[in-house]
Amino acid sequence: MTDEATATEKPSDNPILFVAKPMLTAARQFARSLVRPSTVVYPFERLEDPAFRKEVAVAPGKPIGVGAIWDNYRGVHALNINTCISCNLCAFSCPDLCIDMVNVPGGDPKHPKKCPQIDYGKCSYCGFCSDACPEGCLTMTTRYELSTPKRAEMIYSPTRLFEIYRTKLPMNPIRLERPENEDSILLEPPLCIGCNACSRDCPTNCITMVDVTKPEFKPGEKQPRRIWKEPVINDSDCVRCGTCISVCPKECLFWGTRK
Amino acid sequence: MQPDDVARALSTRLGDRLLGVETFVGTAGRVRFRADAALDTFHSVHDELGFRHLSMVGGIDWVDHREVFYVVWSDDVRQYLILSADLPADAAHIESATPVWESANWHERETWELVDITFDHHPDLRHLLMPDGYVFHPLLRSFKLHEPEELEVKQRSV
Amino acid sequence: MGHLTPATPVPKVAPPPAEGYQLMGDLPMVDQPAVPFIEIETVRAKEFIPAAKEAFTALLAEQGQAKVIRPTFNWAGRNSLFPLHWGLACCAIEFAAAFSARHDAERFGIVPRSSPRQCDLMIVNGTVTWKVAHKLITLYEQMPEPKWVIAMGNCATGGGPFRTAYSVVPGVDKLVPVDVYIAGCPPRPEAMIDGILKLETLIRERKE
Amino acid sequence: MGGATLFSVSDTLASVLLNGLGSIFPQPIHGWLTNPDLILGLAVLIFGAILLAASMINTIVLIWWERKLLGRFMDRRGAMHVGYAGLLQNFADGLKLFRKNTFRPRESDSLGFYAGPVAYMVTSLIIFGILPISSGWNSGALPLSLLLALAIFSFAPLFIFVSAWSSNNKYSLMGGMRSAAQMIAYEVPLLLAVVAVVVVSGSFDLATIVQEQQNYWFWGPLFLALVVFVAGMLAEMERIPFDLPEAEAELVEGWNTEYGGMLFAFFMLADYLRALVGSILVVLLFLGGWTMPGWVPSAATSFPLAGIVWFMVKTYAVFGLFVWIRASLPRVRTDQLLRIGWNRMIPLSLASVFLAAALVLVRCLPVFGCLPSPGV
Amino acid sequence: MSEMWLNMGPQHPMTHGLWNLRVKIDGEMILDCDPEMGYLHRGIEKISEDRHYNEVITLMDRCCYVAGLAWEHLYILAAEQALHVTPPERADYIRAMCDEFQRIASHLMWYAAFVQDLGLMSPFLYGMRDRDLVLDLFQSFTGARMTYEYQRVGGVRSDLPAGFTDRARKVLDWLDERYVEYDRLCLGSTIFRERCDDLGKLTARDCIATGVTGPMLRSAGLKRDLRKDRPYSIYKQLDFDVAVADAADVTARYLVRMEEMRQSSRMLRQILDWLDHHPGPVLADRLPRWLGAPYAPQGREGYLLKRNYPKGLGFSSVEEPHGEAQAYVVNEGGEHPYRVKFRSPVFANISAARHYLVGYHVADIPPIMGSVDVCVGEVDR
C-alpha cells in the first residue's frame, strides 16, 4: 500500500550527534538574531509605515515586510459625509447589523441627512459595506487600534468617522465593478398612484415624475384617486439601493430585467 | 459507480424498501430508503458496496417531516454516496448506525441534540455540544433566533 | 503616631418587648456575674489591635501612600501583567501571535501563566458560551486581587457575529467586570498590545 | 588564606561599630558592648545580610540574563521596556507579586502550604553561606563544605513534595511525585560525579578544590564527570529537558499550580537561586572557580574583587549554557528520565570515578590540562 | 496511587482551545478518556440559515480560525453547486492558491503548538514567525490577517495586487529553507525521537472505523487525499505527490505534515506560474444579482422566491489542513440557505481519542493531542 511513500524514510538515528544538531541550529539562530531580531518594536516601529517596511525587508535574512501590502487592509472605516447619499446600502449589506443610519447635525432640519454610524463592538470588518457603497464614500483605513475602557465609546458616529477620513490614512483602493446584467427597478403602472414618494426619497435623484395622459372615463365609471404622474427611472444613475421599493405605498415597484 | 449500479446492488436485499437512487453531482448517488430498512441498508452499503468510511450524519427539519442523511465514502471506487431517509416529525427515530460504522457515535449524538432525531440502540446518546439538561433542539425551524436581551453589566466593586 | 481612633462601640439594642409582655415589679433581681479583670484587659487589647492598624493605615494613607507606595506598586503592577494562558476562539490565535517573534509582547513584561493563581489579567480572547460561562467566573474568582479583565475582540465585547445565537453570552461584561475593550475581529496582535498599554495607563492612575 | 576576606571585613566593621558605640557609654555598658562574642555575632549578621543581598540581586539579574538570552535564541528581544534594556523588569515582577493578595485554597493543608515555599527558599539560601565565591569571600574553612552544600541542595524536592501534597490539587500532587522520583534518580550520579572531582583534588573543601585547579581546570581530564554533573544539575534544577515536575503542557504549572502572590514569588526566586547555585558549583568543581590562567595567585588573593568578577562571568556563561539547552531541547518523559538516570548516568559516573582514579594513579594530569600553568 | 478521573480543560495549556479531556489515570497511566466538547458551540449552522449566501462566508472564517480560506472554499463549492453557478477559471486557481497557502499557515501553526507541547520553546517562536509571513501575503490580497471574507459565490472578491506572485515566491523560498531547520530541531534531536516514536498509534483499520481523516490517516499508510482521489477545483492540473508515512505514530504525523508543506510549496509554484500568464476575470459575469455583488438592498425579502430561482442541493468535500471537510447546502429557492451542515475532520479525529490515548502516559497526552491538531472552532461550530 505504501510503495511510493514520499515521507516514510526517517532520518537515521545518529547517536553521535545526540543533541548537537538542534543546539547548533538554535545557536545559528542566536547568532543571526544578534544582528537584528525579527521583532517589530511596536509602538515605536509600525509595519504599516512604508519606510520601516523597506528597512526591515533588506535586513539580512529577515523578510519581515516582504509580503505585507497595507493599502487594502480592512481597519476602521472612514466616511466622507459630503459625498454620502444616504442610500442605506451599507446598513443593509452589513451581516452583523452593526450600522445604523443616524441624523447628521447641520443641514436642513426638516430633512436631516442620514449617515452610517458604526458600532465597532459588533462590526466584523468584512468590508461588505465599503464594497456596497456606490459612491465610494465609506472606505476602510489601516487604523486598527480601537481599544477603549468604555463600551459606549466603541460606537462611532458619522462625525467621528469623518474625522478619520480627514486624517488621510491610506484607504482601501479596491472598488468592485457592478455586474453587467444588473436588475433594474420596474414599475407596474396600474398600481401606481403617482404619490412622488420614490422620487422624493431617491438618494441619487434619478427618478423623475412624468405626466401620464388621463384616460377618458365613462360617466358612472369609478375614477381612481390618483395623481396623473408616473416615475421614470434613469438606469445609468440608479445605484440599485431599493429605497424606492421600500417607500412605495402601493408596492408597484419591483426588481426585474428591463427588456 | 453510477446510481444505477447502486440501485441494482441494493434492491436485491432491500426490495421495495429502497425508494430510489437519485443522481447527485459529485457523488455516486443519493440513496433514498425507508426508515425501517435502516440497518439493512447500512449493512449492505458497508459490506457489499464497500463504503467503509462514514463521513457525516446530519438532519434536516422540513417542517412537515424530518430527513436524516449519511455521507459515506469508499476507498475502492473513491466516491461518496449519500443515504437519506424521511422520518415523521412527531416520531422521528431511526436505528443507530454505530454497529456498522463506529464513527457514527458522535455524529448521531450531535444530530439528536440539534435536530431532535432519536437514534435507537445508540450506546451513549447524551448531549455533546450543549450543556446537560438543555431541552431545546436549536436546528428545528420552529426555534427562532433573536437579538440578545439586555443583561446587567457587571461593575467593578472597588 | 496619629490619634488613636476608638473602635466603634457595638450599640446594644434592647430586645423588642414580646406581644402581651407585662412588666412585673415583684420579680427577683438577678445579680450580674462579675467579669474578671483579665478578661476585660483582653477585650481592651483586642480592641487595640484594629485601632492601631487603622491608625497606621491612616498615617500611611495621609503621607506615604499617595506619593511613594501607591505609585511604586502601580508601576510594578502595570509593568508585569501576567495574562491567563487560555484560548477561547479566533482571538486566541492572535493572542498567541502577540507572543511570537515579530510582536513579542514579553517586551512589556507580559508573560502568560497557565494557572489563574499567578495571573493578574484575564484576556477573554473569543466567544464565551453559556456552557463555559461558569468556568470563566470560577477562573476569575481564582485570580488574586488586584486583577483586571480585557475583552478582546467583538465576541467578548458583545457577542460579535454570534450574538444572536442561542448558546453565546452577549458580551463577557455580563459575567465579570471588564476594564478594557479591544475592538477587532480578531484584533491584530498590535491592537492587543495597544489594549494592554491602555490598561497600563489605567493602572497608573489607580487610586486604591 | 591570607588577605582580606569578606568575613574579616564584616568583622572589622562590627568591631568598629560596637567600639564606637561603646565608647559613648560608661564602663559596664562599654564592656558589654565591646564583648568579642557580641562583635562576632554582629559580624555574622552583617555577613549574612551582605550574602543575602548579593544572592538576591544576582538571582534577579540571572532571571534577566535568561530572559534576554532566550529572547535572542527565539529571534526576539525579550524584556526591554522596563528600565534600561528591561533590567528593572524582574524587580517590577517581584514588587507586583509582593502586592498581590495572599490566599490559601480552602481544602489545602495550612501548615504545609505556607511552610513549604518558605523552607524551599531558606534551604536554597543557606547554601550561599558555604560557597566560596572568591579566595577572599569567606573564611569558609569547613572541611566538608562540598558535601554540606550538596546535602542542603538535595533537601528541596522534599519541600516541593510537601507543598505539592498540601495544596490539594491533582496536578500539584503529580508534580510532587515526579519531583521525588527525579530526586532519587539523579542524586546518585550527581554525587558520584563529584566523587571523581574529590578523587583528583583530594579534598571535600570547595576552596581547596578550587586552589587545586590553579594550574589546570578539571573540565579537561574529568570531561565525563562534567557531562554527568551538568545533566544531573539540570535535573536537580528542574529545567528543560528535565523539568517534568512543572511540565507546563500536561500539568498546568506543576507543583506551584495553586500558589500565587508572594508564595509563588518564593518558588520562582528559589528556583533561580538553585540555578545560580548549580552554575556556581559547576564553576567551582570543573571550571577553576576564581582562578585565572596566567594570574599570579597572590594577586588574586590580595584583590578579591577581580576574582569575584571573573567568577561571576564564568557563572553567567555556565548559566548561558543551561539557557541554550533550554532553548533547543524538548523535555523527556518520566519513565525515560528515570531510565536515563539509572541506566546511563550511573554507569557513566562510575566510569568517570574510575577514570579519575586512574588519572591520579598514573600522574598524567598535566598532560590533559587544558590550560598551561605558569606556576608549575 | 489509586485510579482517579482528571479533568484536563477547558482551561489547560494542552487543549489549544476550549474543550475538556477527562482522563482516568492510574498513577501516570491512562486507563480511559472521554473528550467533552461544546464549550465553543456558537450555532454557526443555525445563524447561517438567517443570512444570505455571501454573508455565510463571514462565519466560515470564524468557524475554523486557522484555516479560514479552506473553509470558505468548502462552503463556496457547496453553495455554487446548490445555486448552479460556475466560477471563472482564474478564480478557481486563486482559490486553490489560497487553499495551499492556508495549508502551510495552518501546518505552521500546528508545528508551533505541537513543539510547545513537547517543551521545545524556540521552535514555537520560529513557527509563529514564519506563519506571520504567510499571513502578510493573505493580508496583501484579502485585507485581513485571519478573517478574510475573500471568496464569493461565483468567484473571489478581487484580483491579486501587482507584484504579488514575486512576493509569494520570495516567501516560499524563505520557507523552504526553514523546513530544513525545523527538521533539524525536531528529528535531529534524540529526545524528540524517543518521545514521539511509537506514540499514539492508530492503525489504518481503526482510522477507517472511527472516521479519522487527513494527516492522521495518511500517517497510517493509507494513501488517501481528496485532491488526488476526487479532484475538486483545479487540482487535476497540478503535479504533486501525496505525503504518506506508515508508522502511524506521532513522528509519522509530523513527517506527513512536513512533507505536505513541501508539496504545497511545489504546487504553489505551479499555480503562481499559471497566474502570471493568465489574466482574466475573477467573478462570474452572469450572476444572479444577490449572489455575486455584495449588495443587499432594501426589499430583498423573498427576492429569489419571487423569481422562481431553481432549487438545488450542494455537497462538497475538500482536503482541509486537518482532514476531509464536507459541506451540505440545501437551497430552497430563498436568498438564505435552508440548511447548512458541515462535517469537521477534527470532530471525527477527537471522537477517536479513546483509540490512541489509552495505554500511554499522562505526559504523552500533549504530544498526541498536538499531533491530532485540534481546532475547536470547527469541532463545535
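Each chain carries a letter (A, B, C, D and E) given by its place in the written order, and its residues are counted from 1.
As a convention for this text, a residue touches a chain if its C-beta (ideal position, glycine included) is under 8 Å from a C-beta of that chain, and two chains touch if they have at least 3 such contacts.
Keep in mind that what you see is a predicted model, and the values were worked out from it rather than measured.
Novice: Could you run down the chains that neighbour chain A and chain E together?
Specialist: C, D
Novice: Which chain wins if you rank chains by how close their C-alpha centre is to the centre of all protein C-alpha atoms?
Specialist: Minimum centroid-to-centroid distance belongs to E.
Novice: Hey, which chain ends up farthest from chain B, C-alpha centres compared?
Specialist: The most remote chain is D.
Novice: Measuring centre to centre with CA averages, how many angstrom lie between chain C and chain E?
Specialist: Centres of chain C and chain E (C-alpha means) sit 40 Å apart.
Novice: Could you please state the distance in Å, as a whole number, between where the Cα atoms of chain B are centred and where those of chain C are centred?
Specialist: One centre to the other, that is 48 Å.
Novice: Whole-Å distance, chain A centre to chain D centre, using C-alpha means?
Specialist: 61
Novice: Indicate the whole-number Å distance between the mean C-alpha point of chain C and the mean C-alpha point of chain D.
Specialist: The separation of the two C-alpha centroids amounts to 37 Å.
Novice: Tell me, which residues of chain A touch at least two other chains?
Specialist: Residues 19, 22, 25-26, 29, 37-39, 41, 64, 95-96, 124-125, 151 of chain A each touch two or more of the other chains.
Novice: Do you know which chain E residues sit against two or more other chains?
Specialist: If we look for residues of chain E contacting two or more partner chains, we find 12-13, 38, 41, 43, 46-47, 50, 58, 122, 125-126, 129, 147, 185-186, 189, 191-192, 222.
Novice: At least two partner chains per residue is the criterion; list those residues in chain B.
Specialist: Residues 129-131, 138, 143, 145, 153.
Novice: What are all the chain pairs that meet the touch criterion?
Specialist: Once each pair is checked, the touching ones are A-C, A-D, A-E, B-C, B-E, C-D, C-E, D-E.
Novice: Using the touch definition from the top, list the residues of chain E that touch chain D in their complex.
Specialist: 1, 4, 6, 8, 12-14, 28, 115-122, 124-126, 129, 185-186, 189, 191-192, 194-195, 361-366
Novice: Can you list the residues on chain A that touch chain D in the complex?
Specialist: Within the complex, chain A contacts chain D at residues 19, 22-23, 25-27, 29-30, 32-34, 37-39, 41.
Novice: Per the contact definition, I'd like the list of chain D residues that touch chain A in the complex.
Specialist: It comes out as residues 71-77, 80, 324-325, 327-329.
Novice: Which part of chain B faces chain C closely enough to touch in the complex?
Specialist: Listed in rising order, the residues of chain B that touch chain C are 129-131, 136, 138, 143, 145-148, 151-158.
Novice: What residues of chain D sit close enough to touch chain E in their complex?
Specialist: 70, 73-76, 170, 174, 177, 240-241, 243-244, 247-252, 326-336
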